[in-house]
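Please see the structure below; I have some questions.
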């Protein structure tokens, strides 16, 4: 599937999920999202990632809302240590929305190579620089970590005590963060020089080595989904204003 | 064909010019080495030959640099990239980061140039073969060794088929194996005469072995211009702080010890030294 | 001060072996080159000398201090280390402050710090730029600032990781003279380098490493003239020894002056 279509689809699901009344989020999840994950052959990683993302929210929320809902009707347990119905319902609604939010994001990111998505967008006219920032931001963290470790080694070798009390650790910040920032800035300049040499800032259309498939049907589907999303959004707003 | 006329340039915010009244003419296909102390102006000259001065670095420039007749001071940098390439000394910082495999990295410049897909793959593969990387097409650029990364930078520029290739200390961060690999690529490039090649380097023995011509820079001025032997045998070599290959120093030391006057040309390669000393 | 490395092994957390049974004994006033290709384990080895890495087997002792019982900051009083990339440590607003960082961590008095900073900067030829910002200097000069910063700690043992990388001819000479001077003062200097010409000239002793092991340890003129041994470590003999071999001269030569003398003594060629 063309990456732009995936992006539009994910956006559509998000709008739909946030617009429907809360029990609908679960229906949407089971009826639409899970089958999509299955079709994309990412069901297992999808469920694993989803579980990891949602559980840290969901469990505390259920407990807190359930236990501390003032004036609520106990449904499980008795007295102060009971889970109240209203709290549980509230949690279910919130979790439903978070479920849709997380699912759309995960469906997109697990089924698409970011660089292919960005390439497609650039070919359609999105500025090159945006592609660059997004794709390289994903790579920055491991490099920064590796560099931070080397800097730590160098400063410890000059007598910087890093273990021990808070005072020591605070004093260690400047000699650790300073070189990280300064040398990263130099790298940025050198990288910018190199990019110029690859005609990065040349005005004009780009081509792609990798063929990114797109069909008329998909283009129509994208238009259809986008229109549907707008309509749903409008209906939802109208409903909220009226009721 | 490179024509530099009366080029004087100062970086922004500096008083002293980095290049002074430089005049230089390089015919097509020549292989030129640039030597000089750190800060003498080698890198600045490399930037001037490729348009980074004045387009990237601003500053004040007078004089002209013409490549194949065009004044590159007047052509935007993005358009120059197709004809003039610059390879820098840090292999890691030349990885664009925008592509995930070696093959895509080499094709990146071609994509930016809008080259049609059918032509891209052959050009990329030719460049990878010229740099000995054809077996690494599917690897991540970050997984390569320093020498391989530097050859990748060269391949990425080669694929764009520039008429001029300039390299600013391409082996300064590399170990002996990487150095050997890069100079082998440079030697092949030189032999094929596909492009005019200009290389600034401190590894003088290596440079002398494969350059047709050496240019010596001191304090922003060209002080020497001739064959490697002519330049390194000059009496003013210390005054100009250009350095000499070790074999040249040995040759001169033997000359001095034997009380011989300056004979003219000193050896600049091991082979020449063995010839002269046997 | 002695440095004793006793049969160290090092295995990365991932399981790959980086050092196998590496041993070394060196004493004050020695200049030792640790040579080998990238990946041979030279830097991993260096990091063991001041305790940044602890061996999985064996021990490293600087004098009577075992690296396993001291933090790297503590070890830095005895073993100074200069890293390859100046960008990994420069952070101060002036060169002076940068070089003073080490002595300050050693809790020296103001006068002592000034003396150390000025003599170190003098030694690398950068006294004139002491009030400048380190990043206003070009990369090779920044490397010298990093070197001065470690020199200022006046450690009996010094480990230099690829000091000549990226330097021009004058920079390399300066480094050579510096190492010669430090050794003459009685310090132990270990220079990790793949520049064999440099190693030959300034280090009478060489340790050849490949794939985490020590292949040879002895007089540099002898070790660096063995082309077969060197090529098994992906290296070529230094230029001076290539000339000596080509002219069938004995391989005791380390400097140009020695070459010239040996050349003069060559029996007349037919």
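Going in written order, the chains are labelled A, B and C, and every chain counts its residues from 1.
Rule of thumb we're sticking to: contacts are C-beta pairs under 8 Å (C-beta built on N, C-alpha and C of every residue); 3 or more make two chains touch, one makes a residue touch a chain.
None of these values were measured; they are calculated from a predicted model.
Colleague: Can you list the groups of chains that still touch once chain B is no longer counted?
Modeller: Remove chain B in thought and everything remains one piece.
Colleague: So which one's got more C-beta contacts, A-C or A-B?
Modeller: Pair with the higher count of C-beta contacts: A-B.
Colleague: Determine the centre-to-centre distance between chain B and chain C, using the mean Cα coordinates as centres, and give it in whole Å.
Modeller: Centre separation, chain B to chain C: 29 Å.
Colleague: Just give me the whole-number Å value for how far the CA centre of chain A lies from that of chain C.
Modeller: 47
Colleague: How far is the middle of chain A from the middle of chain B, if each middle is the mean of its Cα atoms, in Å?
Modeller: 44
Colleague: Can you list the residues on chain B that touch chain A in the complex?
Modeller: Spelled out, the residues of chain B in touch with chain A are 50, 52, 56, 77-79, 81-82, 85-86, 88, 90, 93-100, 103-104, 107-117, 120-121, 124, 142, 153, 156-157, 160.
Colleague: Please give the residue numbers of chain A that touch chain B in the complex, ascending.
Modeller: For this pair, the touching residues of chain A are 113, 115, 128, 131-132, 135-136, 139, 187, 190-211.
Colleague: Given the complex with chain C, which residues does chain B contribute to the contact?
Modeller: Interface residues on chain B, with respect to chain C: 37-39, 89, 145-146, 169, 172-173, 175-178, 202, 204-205, 241, 243-247, 249-250, 253-254, 257-258, 270, 273-274, 277-278.
Colleague: Within their complex, state which residues of chain A touch chain C.
Modeller: For this pair, the touching residues of chain A are 147, 150-151, 153-163, 174-175, 177-179, 182-183, 186.
Colleague: Help me check something: in the complex, which residues belonging to chain C touch chain A?
Modeller: Touching chain A: residues 47, 50, 52, 71-73, 76-77, 80-81, 83, 85, 87-92, 101-102, 105-106, 135, 149-150, 153 of chain C.
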